[in-house]
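Take this structure, written in structure tokens, and hold onto it; I'll ask about it next.
Order of writing sets the labels: A, B, C, D, E, F, G and H. Residues in every chain begin at 1.
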Amino acid sequence: MGKIKLLQGNEACAEGALYAGCTFFGGYPITPSTEVAEYLARRLPQIGGVFLQMEDEIAAMAAVIGGSLAGCKALTATSGPGFSLKQENMGFAMLTEIPCVIVNVMRGGPSTGVPTGPGQSDIMQCKWGTHGDHPVICLTPAYVQEIFSETVRAFNLSEKYRTPVIIAFDEIVGHMRERIEIPDAGVLEIVNRVKPTCPPSEYLPYDDSKGDVPPMANFFEGYRYHVTGLNHGTDGFPVNASPRIHTDELRLLRKVEANRAEIIKFEEYMLDDAEVAIFAYGVSGRSAKTAVEMARAEGIKAGLFRPLTIWPFPDEQVAELAGRVKGIVVPELSLGQIIFEVERCAKGRCKLEGIYRVDGDPINPAQILAKVKEVK
Amino acid sequence: MAFDYDQYIRAGKLPHIWCPGCTYGIVFKSILRVVDTLKLNRDDIAMVSGIGCASRLPGYVDFNTLHTAHGRALPFATGLKMAKPDKHVLVVSGDGDATAIGGNHFIHACRRNIDITVLVFNNFIYGMTGGQYSPTTPSGHLATTMPYGNIDTSFNIPELAKGAGASFVARGTAYHAAGLDKLIIEAMQHKGLSVVEIINACPTTHGRRNKFKSPTDMLLWMKDTYIPAVAFDKLPPEKTAGKFPMGVLFKKEGLPEYCENYYGLVERLKKQREGRA
Amino acid sequence: MSERYEIRFSGSGGQGLILAGVIFAEAATIYDTKTAVQSQSYGPEARGGASKSEVIISDKTINFPKATAIDLMLALTQEACSKYYKDIKPDGTLLVDEDFVKEIPKGTFKVLRLPIIRTASEEIGKAFVANIVAIGAITAITGQVSLEAVEKAVLSRVPKGTEELNKKALKAGYDLAKARAK
Amino acid sequence: MATEQAAEKIEATESPKVKISIIPRYCKGCEICVKLCPTQVLGMDVFKVKVVDIDKCTICMACELRCPDFAIFVEKK
Amino acid sequence: MGKIKLLQGNEACAEGALYAGCTFFGGYPITPSTEVAEYLARRLPQIGGVFLQMEDEIAAMAAVIGGSLAGCKALTATSGPGFSLKQENMGFAMLTEIPCVIVNVMRGGPSTGVPTGPGQSDIMQCKWGTHGDHPVICLTPAYVQEIFSETVRAFNLSEKYRTPVIIAFDEIVGHMRERIEIPDAGVLEIVNRVKPTCPPSEYLPYDDSKGDVPPMANFFEGYRYHVTGLNHGTDGFPVNASPRIHTDELRLLRKVEANRAEIIKFEEYMLDDAEVAIFAYGVSGRSAKTAVEMARAEGIKAGLFRPLTIWPFPDEQVAELAGRVKGIVVPELSLGQIIFEVERCAKGRCKLEGIYRVDGDPINPAQILAKVKEVK
Amino acid sequence: MAFDYDQYIRAGKLPHIWCPGCTYGIVFKSILRVVDTLKLNRDDIAMVSGIGCASRLPGYVDFNTLHTAHGRALPFATGLKMAKPDKHVLVVSGDGDATAIGGNHFIHACRRNIDITVLVFNNFIYGMTGGQYSPTTPSGHLATTMPYGNIDTSFNIPELAKGAGASFVARGTAYHAAGLDKLIIEAMQHKGLSVVEIINACPTTHGRRNKFKSPTDMLLWMKDTYIPAVAFDKLPPEKTAGKFPMGVLFKKEGLPEYCENYYGLVERLKKQREGRA
Amino acid sequence: MATEQAAEKIEATESPKVKISIIPRYCKGCEICVKLCPTQVLGMDVFKVKVVDIDKCTICMACELRCPDFAIFVEKK
Amino acid sequence: MSERYEIRFSGSGGQGLILAGVIFAEAATIYDTKTAVQSQSYGPEARGGASKSEVIISDKTINFPKATAIDLMLALTQEACSKYYKDIKPDGTLLVDEDFVKEIPKGTFKVLRLPIIRTASEEIGKAFVANIVAIGAITAITGQVSLEAVEKAVLSRVPKGTEELNKKALKAGYDLAKARAK
């Protein structure tokens, strides 16, 4: 058995990173994500890894990409305002296909908002925050143990698909403490980026002829190549306007789209015979679970769909669900964001009700139950 | 035999993208000579840039090269260097890239004294975007966004670097190309952050608009305007008006270098653990 | 007993109540076999002024993570008491420091007054162990966690060299509550 | 990355003392070398540089040093 | 008759701003939007207005908000990377309800991408780019004359609803020159922010009791009040967690949602009897118009829905359309963004086909016609 | 009669949010006395801040007040000032706000020499977020993100400002509160950008962790450590170790001020047009 | 904004020479005034400041000047 | 005549071809009564090297704004000619400077060779008016816009004091083309 600890969600995230082999953290403090940094500030120097507090979030994101390119598994953690600032460089990592993990511990409000309150209102930004078309993987754990394991998974997906992965959870799960078990090394699978095996003279960093994820050489290992945020050819050098841009950008999206089956993860709870489904993640997913239990206790056939991967969105699963329930209830700590996606996939085949709350408190099970009853 | 630049230039990348008479090519050559003089292994060098004409340089050199976002070269470079502290990291950046949008990273890299060499290609203008004024455009000069003559005050890049804590600050020019080799060599040999401001000419978006008849005129202006610091310091004030010193302007050795500090800590913790075990 | 037991530790910034919550949660879920969730107040109000830390204990998985129906609330200061008492269940318990909380808010809940801080400073000799005295008392009052588990949790969290002091404080609090409960 | 390079067409002009090589495809005709040559060795052939009078060359290297385009090389024999 | 000129789209935008009464520009150069700045650098000092080139886009956005708060109508213009950087401060303006206009001349690709190529791939970012819930108005003109008039409208909406307004057009329409007529002063309506009339001592900057858009006092005019990016009460001072946050954020969204009828503008072209509709904006809308003509020439009943307001999205119009056509074709210079919104509103009631292109060229009418034929 | 602070403080806003012993309140009072001394009209002052404990100050003062995003106070202030050049714009900022995330705006405001007064509340730490190290945290000090002691090098804020071109740079401390009044007065009277670094104490996240037993100890440390510049300059080097100068450290008058330059241009153009008409 | 303020409760201690006013609700008990008073005029009443010996007051103003919380005022009579 | 006429002006960076396009578009849509769209190449290739400017002229609204089937292309340099000729319509026209464009690409389009630059430098005495000479020639060749309108457009765009020079250049180009067309 692994190590048992009582940890905050943020600390579990740091532990998950270490378990996954993260040796590089670049950050800038911001509530409510700071504990991720503080934990790693203590741990990384102990294991010879790099802890860097940069001058701002833009620099933090840049340093993380640099660290990854030099061969480290690299992490950054932030919240709303910092997440907005990181967007430009996140797009750089997406286009240049440099793995890294970005944690967004979501707080309340736009702008400075409510720094110490929880939110789930950056969830559309996780997908659309940077300009241009870009692939996005975003995970949404809800329990401290899950934050640990999803952080490991985030690094694995990032390395496997050569793309940044976002982990988004709310302040409540980030700050609360729960018991977690940190498995012994070797228990969870760890994925490392595929490196080129060809001679350096033949290396094409963005060669798409052998699959959508070309092997990635680290800097300073003999493969001298060029990395640029301009659209580029298979050799990494800029191309200005050509079919290559189109096919290459398509490939980037395809890395995610074609692997939905592997990337998309969710929990279904009492959904088999459900007449009303709740679609909820993060702390709202936790409340929803209690609401399902309360509903069942009253004889109402409710069930929960709790996505652990929110991007790519579980289109098919939601479409299927919408075809067999009377309605879907979507509780969110926002004024309605992910419900747009549910609406898109449901295609009008069932009722849809949102529960929105942005006053600093979580949506409670009673609120959800009431809405479930309305829909039923 | 003539110096063999080709060994450091990526196959098929010449002619480069820069305009006729753009002096970036002169500095490019200087850098390659320096790498050769210092006998650096190409695999062990990373060249990092932001966005701008100057920032196109990494595309040509046969090192590990990274062309990042506008202004952000230094934090990317910091990531590379911290991950691999025994490698050489060279940042090339324009005046806009380094001191306008990238100003914060510039001063923090200076403060942190991390062992990176930063070459700031100062052509007094935003070349890539077509000639808007930059934080170094001289007072009164015309630029597309200063159509009535620049009313803004310029940065003195060496002063800025020094104020931010840089331990090595130098200035060279494209005209004084041979001297530039020496400055870059000294900068790269310096332990800690080194800044070399390199005066350049952008005939296309700056010179043409400001009464320089040709690229050569711009080079000759450099010849007249930049004076070795030792000589400059001896001149009476009336003779320094409109002139600037060049050479190593500031150097302080033995200051703590960031990677050394960090990996020193790592070692200390390791020893502590071993001591405890 | 309801399947979910909610405890709130409240007082002022420097009184170690967050640590108290953490220790209690650890006792429940690491050293005992229960499930626990601990959370605390962040934000400007956590700087000086009133502060709180909450622990939910259950035999089952805890999903909804916020304490909203408090079974037992500890208040070491008047400000904290007035600010936070409202969530106490009608049949819950309010435990206050009898010297520092004079105005008891109205409610149907049970009220217990103990000289927690005085016990810490006079009996143990260190005011800063008041939080441990409080844990002792709460262990006795709630019966949620074994004294043994709590002791282990305390010892694993306090600075080296203060183990005996803290053990004494824990015991003192426990005895105090047991005595009064009689 | 591959470093082999397709051999560029080079126009060489030689005298007993010196060889001046010009790579026409690289030359952008900026005239820097022409104007900075202290002894008027070089001139323009419409858009490109050309050697006008190699005998005047003092092998001062000014042209090679300041050609931004890797287009002119001077070798002492 | 007004003045006739041949202007670039970017220049027309600058002229529109001047017509609307803009006296403040804060920017940072970036291709392909720079001509907006360059034009105003010449014009603003002539009329005593402020032209400021700041150190970066973040500062430019900040200066614009400051300028507006001090009473100017204020503009900034940028493109992809700069637009990403402005997001944090855009959220500030949205929450604090400070009017201003943000122009995004869209270029190609994520990251640096293809700076001189056209794109329409920031369109979802226009809505979701900053963290937290926030109101968004975004206009999408397609002709040089339209850029002029929509810029005027952008200022009007911004002043009327006390909210930032985005204008998003692609590099092609930004850079091309067309004849435009600049009407004489007074021909187009100009809206100015409503200022308080109460005594300063009674002024509540975010008082929602008399309507969703409280009057706005400019700084230095005797109404000393507090502006903060924290969620705030009616008096402008921070509130931490309370129902106020929820109701106030709802009000912000409602400023836009409740006024859809006024804000949403679109062109319908031969839609009356259409069997296939094309939903397209910007340069793609122009191509689509030609495609419609080509289709009609072949006897195919095609029509065009061309939104001039893309956010708020014309939900009802699209829903209605989806109910009466066989299919909707959505050409975009992206890999598929706005089609998600069309899909959401169409609710599965008709076929849906996207045309995506990100290689630097516009989608041409023949491409669209071919797809129209497929759908039919 | 005692000084009437209430006339400048918003009704009902006291007690303020800062921790017991936080010295920000001392500086707060100094600012109010200065406004009174200068007889400034409250309607004509804007106070602008970013995010942090220091940045909470605008909430309390009865001026036009603007609490912006972290690090961005200066460009917001620049917008206000350019739009209304005859008004007084005062920026208050923490060490992190002004020199970490806001460093770029700081140096550019200095360069631009726009007539704004910037008060940098340097408490050597990120207070608001709970004690992470800042670009001014002294070497060796403990912070939550430097749990083994700070290995980073600090900015010298006055040097940074000077290097960036500021025309007025001063340093005061919360301890020397009376002297601080004078410095702020001089700063506000200076035409052009003025920077006053104000040494403060954060007992909660800095002092406690770094062996300061009480807020008073931190004030007494200031008393011992900061020496009037005139006196400092006369001290032999062995006596200045660990000490720092305070007072007006750098001042240059008559440099072009940005608003004057800009509106001068506007006037020039107007005259030209009138001349032409 | 309104500037009228609900009158705060003030505890005043007076001597023939001086009046020391304390606003208990503002005092955060940081002890700065207590420790910086050169003549030990002030002391602590658990969490708040109190006047211990007003006769020792030299009206040096150190307490008022450095109280961060607008909680203590000294007036010469 | 097709309802849409596309003209491409190409050459090297400094030859004033963007201005030529702008002037032609202005002639068509400001001084004549047609509709016109002008666009040009941006990006690195617009710095030195080959550059181009395009004008679409029509009697109706122009929706699709890119020139893709060129009716007439002007090429003042060999590089521009080789790079851009591909979009010329099968029955279109390629107009080249006869001294600077020696290799004529293959195609079914008509080819016209005129000494544009030579006319500018020798006849007018200023090489930089080659663009205006070209406009004159194109006016004559295409017949899209009246010479009068073009002259107005030229005069409104050129620097003060150079009006006569440019008028002469325009006339020279116009005559040149008329003469050759015979």
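For the reader, a short list of remarks on this structure follows.
Going forward, a residue touches a chain if its C-beta (ideal position, glycine included) is under 8 Å from a C-beta of that chain, and two chains touch if they have at least 3 such contacts.
Values in this document were obtained by computation on a predicted structure and should not be read as measured data.
Path length between chain B and chain G in the chain contact graph, taken as the least number of steps between touching chains: 2. The two chains most heavily joined by C-beta contacts are A-E.
One finds 57 Å separating the Cα centroids of chain A and chain D. Separation between the centroids of chain B and chain E, computed from CA atoms only, is 39 Å. Remark: chain E and chain F have CA centroids separated by 38 Å (rounded to whole angstrom). Residues of chain H found to touch two or more other chains are 43-44, 48.
Shared contact sites, meaning residues of chain A that touch two or more other chains, fall at 31, 45, 55-56, 58, 81, 88, 92, 111-112, 115-117, 224-226, 228-230, 240, 361.
Shared contact sites, meaning residues of chain D that touch two or more other chains, fall at 1-3, 28. The touching residues of chain F, counted against chain A in their complex, run 51, 67, 69-71, 100-101, 103, 126, 128-130, 132-133, 135, 144-148. Interface of chain G with chain F (complex): residues 1-6, 8, 21, 25-26, 28-32, 35-36, 64-71, 73-75.
Across the interface of their complex, chain D is touched by residues 1-2, 5-7, 9-12, 14-16, 18-26, 28-29, 62, 174-175, 177-178, 203, 214-216, 219 of chain B. By the touch rule above, chain A contacts chain C in their complex via residues 4-6, 31-32, 115-117, 171-173, 175-179, 283, 286-287, 289-290, 361-362, 364-365. Partner chain F is touched in their complex by these residues of chain B: 100-104, 107-108, 111-113, 135, 148, 151-156, 159-165, 255-256, 258, 261-262, 264-265, 268-269.
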